[in-house]
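What follows are several structures.
Two complexes follow with chain A in common, the first pairing it with chain B and the second with chain C.
After this line comes the complex of A and B, so read on.
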């Protein structure tokens, strides 16, 4: 009954035309095929040579003293220097958590493959390097501006802790691996306790690029579930839930994010009784979350609409409840279909965290601005140095996110019809 | 529904005496268009009823009303002793006992074949994973594609997909199977493998309602053939009566067009 049995393919002899190649042929074909193409090649060639030359000269002559002096301001803002050890401890917690989590994911993947009787291809270290080299390069780039050896040593320690955690992850009991989602939760909790617990530094003093990272990760992890609920609410059969969701989404999408940030910074305080006031950081995180959730809800809604109705009918016909049909049939397909749009939203969230500088949170962008106003660097055109420097950080983050998104798409694309 | 003789024939069951499905006075409207007009039919336990008729005659709508994929506007539908009502509990009960196979297969593309089959047993019947997978593998043997368990629907041929869909329905151990043109989306060379699977199922004593254009299947497997046109049941009878000696002019016209 197996209809996939391959029919023998007849051998076809193909006469291969002798291929003419080599740089001369290639250039003639691609660069100088007609007189106007030759002209364009000449003009743009000259332009490229000129740009590369100017850029090279600039990079060789650039004085990075402003970066070297202010590196700590850029990365952590005015984080109290006597508490910096806590920050490093938090970095260690992070790398340890990442190591454990990675191992748990690998072990889960292998277990599932084994249960299905399939081979499991564990990605090797070259793969990991290929995926995350931009982050490593960024760390090296950052360390190249440090003036003592200590940060480099501590970074090496952090990396070693990560590797050790991955290695030790092999010894984690199975019941823990089954609940691998708990690792990020526990990690986050420890991260906070290490930083802020027992007389530490609360989040009102989290600044610099550090605060951009925290706002991004916290923003994504809060806005995504909220957006998901709003998207489901928008399709609810209960009119009250539906109208509430629609109103929320349409209202928040119609307001510029800066307005919300300003409200979070200056207006929210008046709405909350004095005893319950909370820090600027938290108010801005709430504003970012509420704003992004509305957009994420629309992305998810697009995904929900992309799943054919036959899928719902199939789910119903085997007796799945409406909720389980959504959970096991529709949602997985919907989310897979919108990975590119969703990650695009996350990338824009990452970059939008710089907007908090408008209301006075000292993030990376604000820090580089402040540094150009310092007496020894004032009015020397050093914006041309520090703004590209700041841009590198956002570029690397966005680049890695977008590449991971493409990888995820490919990985989940197995069952595409 | 002018001829009372036809009406009484429509409720005359083959198979056993026990009624499995009963539709009485069922109407269904899409806006102003009446898709079903006073449908009356009883299907006995272990009976195989084949529904044929021109497209747009309400065949699919009728069987989709039986598991509430469409909501009928008036009349009664009783499946396995449970009457369909707006009560979600009743609907779930009936859907548990009613398997459905669709023209477009409607397999879950993000799940492997075995997960497609075990989803219902695990999530609705609360079977433990191991037990559900054992059941799934048994069913794959039954539909003769045990080697495809870990593939994804997109990697299978149409005929294989439709057999997985049949296995997925059977995994819920239904009392009734509804087939909505199960071979219409298949390439000709794959129709037979699906029909063979359905015939085996019929011979094992499953109660089935099959909407199809496969006259050979109707003649060989059906206990009764129902002919529908314009939302009405025009004629009901044994395959012999229906194909060799039909009573109604519309049936004769239809048969002359297709045979």
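After this line comes the complex of A and C, so read on.
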């Protein structure tokens, strides 16, 4: 029925299209409308031809030997090779968790829509592909540098597990679906146990692009509760609490993240008694969390300010305590409004995790740098090969997330209502 | 139950008294924070003493043991002097970077909305590519793939004989000062003040008579004539100086390290992509009627932007652009990755030479806070001028 309804709509749009069309009209309108537009077109056309030419020559001549040799170093750093199966198991856990979680969200959405008496529009798989294809392309891009078939097969297994989990998610009992927030928690726990439990590899040896991802996700998740508290503190009516929060937030927002990382690497050891020293990874994670909390606090504050005061008064009028008003009336609306800004913060942390390389953690950027110092690749200008390679990973991640945030912004109607 | 019924005249118990709860909560918060600070400070003192490090800031006077490229700084100079050079180098990136990235960001933001399809798409590709890449990566790339590809210092390029370009240092024409240059500088400052006074007078004149003010022309004229007169009266203390290559030593001219240009270029490229998005959004936020009004009084495309759209767009754009200026100031710390001696690298080296990290990092943070505060105060002053009255 849907298809029959959709066809005439497409026909109408064809009829509405301008009568005078065709490449010549389009070019006259969009490229050569005035003399200076023609000039601009000529200049930019030449520039683009030159860039495309250089890029094409670069892509044809580029020797990716260094990437093929070092791909594992880039992705996982010096993760012990005999433990690599654990890493794959962790990937399987992740895809399974994502599959279950996605299904749980869909089921929750449908239930809530049914309760509210609204129709529920489930996004079809073409939509999902359209949204996340760059990530798939990135995986294919990575696999194209592998030297054996094993990683490809294991990736296919991981994808199959994800799809199977989504499919099996239909059979999850309802009480589990109601507590869908528990899935990421359990998943994270399993992820850690699979990697580090029973004589595995602790986080001190988590390196490469893997550590960029872990630091981003862990940094935001750990910073969120702290940031939420700071935001509430900044909006508090108690002057002492307010001033303490403001001082913390403004101080940390005024300094660059690298100073916090330096503190984590060199000074944090002085602040805790000598017997309780943490590893570099943990110290940097603490520094990142403290830093991000200040930014998240500002994001959340924006959300809190966007909730009209009438909502608070409505909560009070039905006799809710201040805490319950916050928890059930204000916060749900505030947090909904700040999801796009949170994604923005997520992107900026993702890019900033590269800074850990300055204080000596072996992340993707560091791995890329030390690979150019290897004897067989030394001083051959291979930075021009490996740095763009690393850039692709950050670009895809940031691009997909920023597009998602724009989609959410539209979907949630932020700024409309 | 009885308590609520006979509450008239009775005070609520202490744990239900709002004033008491508020006071107690605040005292609790302060006590927790102070306790944490005391605990950490105590640990800090103990650990510093245990590791035989100083617990105060007296080490600032001791020799650093580091050298800083492109300055007459030697390892015997005190830590304090090294930090000051670091601050100066950070400042040099910020002060040169802000104007360039403002202009570049505006141009790209306007280009994204161009009616010319090719220009708009090119600007879009630029913005979407650059702003999704970590700035650190861009710095490394520009340094490795652009600056280090320049000729080596022993055989630099000398285009026009005006520049000496090597991958270590880039030098161009500059000014050489002799005695009396200080007086000329004072005259120039006077000229600047005079130019602003004249500009203000022209503005008032224009408002009273409706004549065109031409205040930029007038101001420039006043400034140039004052400086020129001063130049000849003080006996021509300043002359053009071109870099001269003598073996590997460059004398005269004005220039900077290759690493400096790498950081500057990379950060301008990166931050401009963010500014471009802000400018684009702000232009879109200017009501469409303004464009139509400008068209109705037959302004040209440039006039429409210059006199109608951009002034209103900047009013919206300034606060977020301020954030980008602050980001630029904070991102200068990434120069540490390519060894440009700004404040973070200097601190890093001092820590490496055995000076106590906690104090040095505290100083580093204070320096950045100072930068951030200065920039926000200046831009907020500008912002106040730009905002509509009554807003």
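Here is the rule we use: the second predicted complex is superposed on the first by the 388 of 417 C-alpha atoms of A that agree within 3 Å, B and C clash if a C-alpha of one lies under 4 Å from a C-alpha of the other, contacts with A are read in each partner's own complex, and residues count from 1 in each chain.
Quick note on the criterion: a contact is a pair of C-beta atoms (placed from the backbone, for glycine too) under 8 Å apart; a residue touches a chain by one contact, two chains touch by 3 or more.
Bear in mind the structure is a predicted one, so any value in this text is a computation, not a measurement.
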item	value
Residue contacts on chain A - larger count, chain B or chain C	C
Chain B versus chain C as contact partner of A:314, first or second or both or neither	first
Touching partner for A:240 - first (chain B), second (chain C), both, neither	second
Touched partner set for A:263, first chain B, second chain C, both or neither	second
Which superposed partner A:395 touches (first chain B, second chain C, both, neither)	second
Residue ranges of chain B in contact with chain A within the complex	67-69, 92, 95-96, 98-100, 102, 104, 106-112, 114, 119-120, 123-124, 144-145, 147, 149-150, 152-154, 156-157, 159-160, 168-169, 171-172, 189-190, 193, 196
Of chain A, residues touching chain B in the complex	1-4, 116-118, 308, 310-311, 313-321, 324, 328-329, 332-333, 336, 412, 414-417
Contacting residues of chain A [partner chain C, same complex]	30-31, 33, 37, 40-41, 44-45, 47-48, 237-241, 244, 251, 253-259, 262-263, 266-267, 269-274, 347, 351-352, 354-355, 357-358, 365, 369, 381, 383-384, 387-388, 390-391, 394-395, 398-399, 402
Residue numbers on chain C that touch chain A, as the complex places them	22, 25-27, 29-30, 33, 40, 43-44, 46-48, 50, 114-119, 122, 128-129, 131-137, 140-141, 144-145, 149, 326, 330-331, 333-334, 336-337, 344, 347-348, 351, 357-358, 361, 364-365, 368-369, 372-373
